[in-house]
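The structure's right below; bear with me while I get my questions together.
The letters A, B, C and D name the chains in turn, as written, and every chain counts its residues from 1.
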Amino acid sequence: MFLIKYIKEVFGAIRSLLVGMRLTGYYFTHHKEIITEQYPDNRDTLKLADRFKGEVVMPHDEKNEHRCTGCTACELACPNGTIKVVTKFDITPEGKKKKAIDKLVYHLELCTMCNLCIVACPSDAIVMAPTFEHSVFDRSALTKILNKPDSKIMEGVE
Amino acid sequence: MFEEIGTTSNGDLQINVGPQHPATHGVLHLVLTLNGETIKKVEPHLGYIHRSIEKMCESLSYRQFIYVTSRMDYLSAHMNNHACALCVEKGMQIEVPERAQVIRVIMDELTRIASHELWWGAMAMDIGAFTPFFHSFREREKINEIMEETCGARLTMNYYVPGGLMADLHPDFQKKVKEFIIQFKQRIDEYDQLVTGNIIFQNRMKGVGILSKEDAVSYGCTGPTARGSGLSSDIRKLYPYAVYGKVEFEEILETGCDSFARYMVRIREMKQSIRIIEQLIDQIPEGDFQAKTKAVLKLPKGEFYTRVETARGELGVYIVSEGATTPYRIKFRSPGFSNLSALDSMARGSKLGDLVAMMGTLDLVIPDIDR
Amino acid sequence: MWSLTDITGRLDQWLNQTFSSTWVLVIEMLIAGVAVIGLFAALGLVLVLMERRVAAWIQIRLGPNRVGPFGLLQSLADTLKLLVKEGMTPSGADKFLFNFAPYIAMMVAMLLMAPIAFAKNFQLWDLNIGVLYISAISSIMVISILMAGWASNNKYSLMGAMRSGAQIVSYELSAGLSVLTIVVFSGSLNVTDIINSQADGWWIFKGHLPAWISFVIFIIAVTAETNRAPFDLAEAESELTAGFHTEYSGMKFALFFLAEYINVFIVCALGAILFLGGWMPFHIGHWEAFNHVMDYVPSSIWFFGKTFFLIFLIMWFRWTFPRLRIDQLLNLEWKYLLPISMFNILLATAIAILGWHF
Amino acid sequence: MGNEDLKILITELLPAATYDESGEWLNIVVEPASWPAFAAQLRNHESLQFDYLFCLTCIDWKTNLSMVYHLSSTRYRHNIVVKSTLSADQPQINTVCDIWKTAELLEREVYEMFGVNFLNHPDLRLLILPDGWEGKNPMRKNYEDPINMIKL
């Protein structure tokens, strides 16, 4: 009886090994299963999800206008001081002073892509862009000014 | 620290495992006292990735502090966020919409599967089989893609906010999850063929790293580590949160107390997670994904404790509020810290190779231990 | 038919006509030495590439595909990288032994080339105890590993070396016994005689059960002897970081790395010679036409085909199985493989005496 | 067992205990001196069996420190919170790691982060902070790190 049990054990062991080898053998011969993404060769076809949180950008329309009122809601919402809003006062045609942004400084190197500023923004002026190739040789290149030069606030955005 | 390590007076060998070692998956530093191959003592030295998240949170508002907790146990980021969101909701008495609760549960379970996938691959690699790592990452990648589509990130999503979710589901979410379920069910059998049934693997795992039920309680072990010792500790069953009380699933208990039992708990848990997702994926109720909350959250004066079941065990969030916009003191009871404390008693008397198997089945995530 | 024998024969003839016999010996030894080193390098490159490809395909990856067409030049690029890397010697190390150990590993691998018959009548040294010679020399490998582990002055290295010592010495036994089974069948220790005894069928076919058992044991034992997964405890990446070669870098590491692959080749070649008939073509009984077609395939192709099949088998093991623990490894040898192979050799002897094999 | 029942039972064990029921669980405030004996009773009492210490931490109230022990029973599934007030200058309390083994590492963490001295602890050393750490305890409210502190 002992011998039968022993032989059974040995055969069971060998069988379990062969089962594993059959699986790896299957993958060895079936190259269709290969899942390697050949980045950066596939850069042209690579499409990230629309919601991918890569960096904060401020969309401008064709008239070089943005929607930012300079309310600093994003600056307050940010947990790590990534955003600094520098405001100035514009003179409206009626002669009133109106608050507007001078520049919206964004420190990509501090950003954790938590999306809190986007949620906080009351006028949807900033959005997350699905970019991810952020590496630069000089860290100062990561400090960005989101509003384009000479851009204005869009009509009707308060 | 390194100078004092050498040979002890009675001829035992002391070696450093970590902070940079292939088996510690991070910066865990263990000082082993060895007699030949036999382990006499394991002493953890922590702090290599300590960011003092608890102190950081004291200066962040209740909306802001949630994102930091994704960085604790980065493999169960959703669950960490869930615990924090629940704690704030408890303090503010916010009623979370049903839709948000269901989505949270689905996301939690997907994260749990992803975490166990990674554990499975990494543990098999510790044992010396390299192929499972790649095979498990194939399925994990699918979950990451689903997460990326809805939450906008793959690992540190920050998708939960106090009162619900940050954004609604992506339109393709349900379709993709269903596809994933079909694919995953086929793959999980392959896991058994490749690793679970393998005689070498079973011999490496069975009878190794014995953690008795009494020890598991005393060391505060939770999650699959405790359930492998037959200790019922699933927060989802014991203190149901979100919609866990309404779905059917089994709390996996194994009584083997060894590494193989802990292994089997996680493998079976993945199947239970699939079961939960299957029940909910077609039942996501319509409605708001977020409750109306005030712009500035202020927790009333008092103490609030919530716990959730992460992939590693019980995560407790203990907020002490003084009525301000920031927590006065916040404590994260992390599952990894307690599970690690049991390692010494498990490892004594076993071989060096077993230590790797034990660390593998404890599923240690170092930022979770160090916080 | 194009054959290696013709080339070597003509070369020998020409040399004998041109020079005196002493010079012929010197020149032929030089040529053989260069050929061995060349084969060495070529084998190293090919096997490393093969291993990476096998691993990649099993792991649903593409594998090396950047350097050269289909990544064929990848191992050349690796070699270049290793050559230009700094070869560090730790300050606490025993410098002489530390630097000497890789060369011993290399020398052992080179010495093992001598009695291997690469094709019909193409052999460096047809000595009458060829199989014994291989068994004896391959044991010296352990010295280089022990030396490397000791001289590194690193605890991981030392533990790896000690593991390796226990492992190689143990598995030498069952590898030797399974080799002995075939020696019993063929009645000779000479490599040429063993191959010639398989002209009417390989030993794996005509040796019945004992040949099968000894083949399986041989494959397991040589996998262990060459320190390859699932028996790679001497390196055991997740336990001992890199085992005995933790402190080695650059070309010194590359020599260990190369020696490992050459050893795999040698033991697989030995397996092919003993069990699969070496360069003997595949013949089936009285199928004259089929046998004739088989004879047309050059003998070197047969030899390398069989050897690479066995190498692939060992690679397949490596990328499928987890690693054993040290006590399980020794249990397997002393409680399973050794008793079985002892019993097996009795069985083989009985069969050989009774003349039951074909 | 509900909070009320627990309260009655615990009052029997430790008449000096004071209670605070503002939270979800029963909060018991004990004197540091009576804590070790009381902890053993909580652990071993037949109908309490608080065998699972799931959270051990400390709160710095500037004027004093407060140790907080969250206890649960894996048999009865009831929870309590035990608190003990320590002085801010020389905080010390007896260890509980002989009762709940998990406390060993948790107390070491509290020791270095808050400077609480756990009496009779077998191995009270720095766990997270680097060896040779001198100066204040990082989690105290009065801690300032001039180099690494990020102020927003």
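Keep in mind that, in the parts below, a residue touches a chain if its C-beta (ideal position, glycine included) is under 8 Å from a C-beta of that chain, and two chains touch if they have at least 3 such contacts.
On a predicted model such as this, the values are computed, not experimentally measured, just so you know.
Ranked by how far their CA centres sit from the centre of chain B, the chains are topped by C. If each chain is reduced to the average of its C-alpha atoms, the one that sits nearest the average of all protein C-alpha atoms is B. Per-chain Cα centroids separate chain A from chain D by 42 Å. Inter-chain centre distance (chain B to chain D, centres taken as mean C-alpha positions): 25 Å. Chain C has its Cα centroid 45 Å from the Cα centroid of chain B. Shown for chain C are the residues that touch two or more other chains, namely 58-61, 319-321. Taken residue by residue, chain B touches two or more other chains at 131, 138, 194-195, 198, 200, whereas all remaining positions touch fewer.
Under the contact definition stated at the top, the residues of chain A that touch 2 or more other chains are 17, 20, 23-24, 35. Within the complex formed with chain A, the chain B residues making contact are 60, 63-65, 67-68, 131, 138, 141, 145, 148-153, 156, 158, 161, 166-167, 170, 190, 193-195, 197-200, 202. Interface residues of chain C facing chain B in the complex, by the touch rule stated above, are 55, 58-61, 155-156, 159, 163, 229-230, 232-233, 236-241, 319-328. Those residues of chain B lying in contact with chain D across their complex are 1, 44-47, 50, 52, 54-55, 59, 215, 217-220, 222, 231-233, 238, 302-305, 307, 314, 316, 318, 320, 328-329, 331, 333, 337-338, 340-341, 345, 370.
Against chain A, in their complex, chain C makes its touches with residues 54, 57-62, 316-317, 319-321, 336.
Chain D makes touch with chain B in their complex at residues 22-25, 27, 51-55, 57, 59-60, 68, 70, 74, 77, 81, 100-102, 104-106, 109, 127-131, 138-139, 152.
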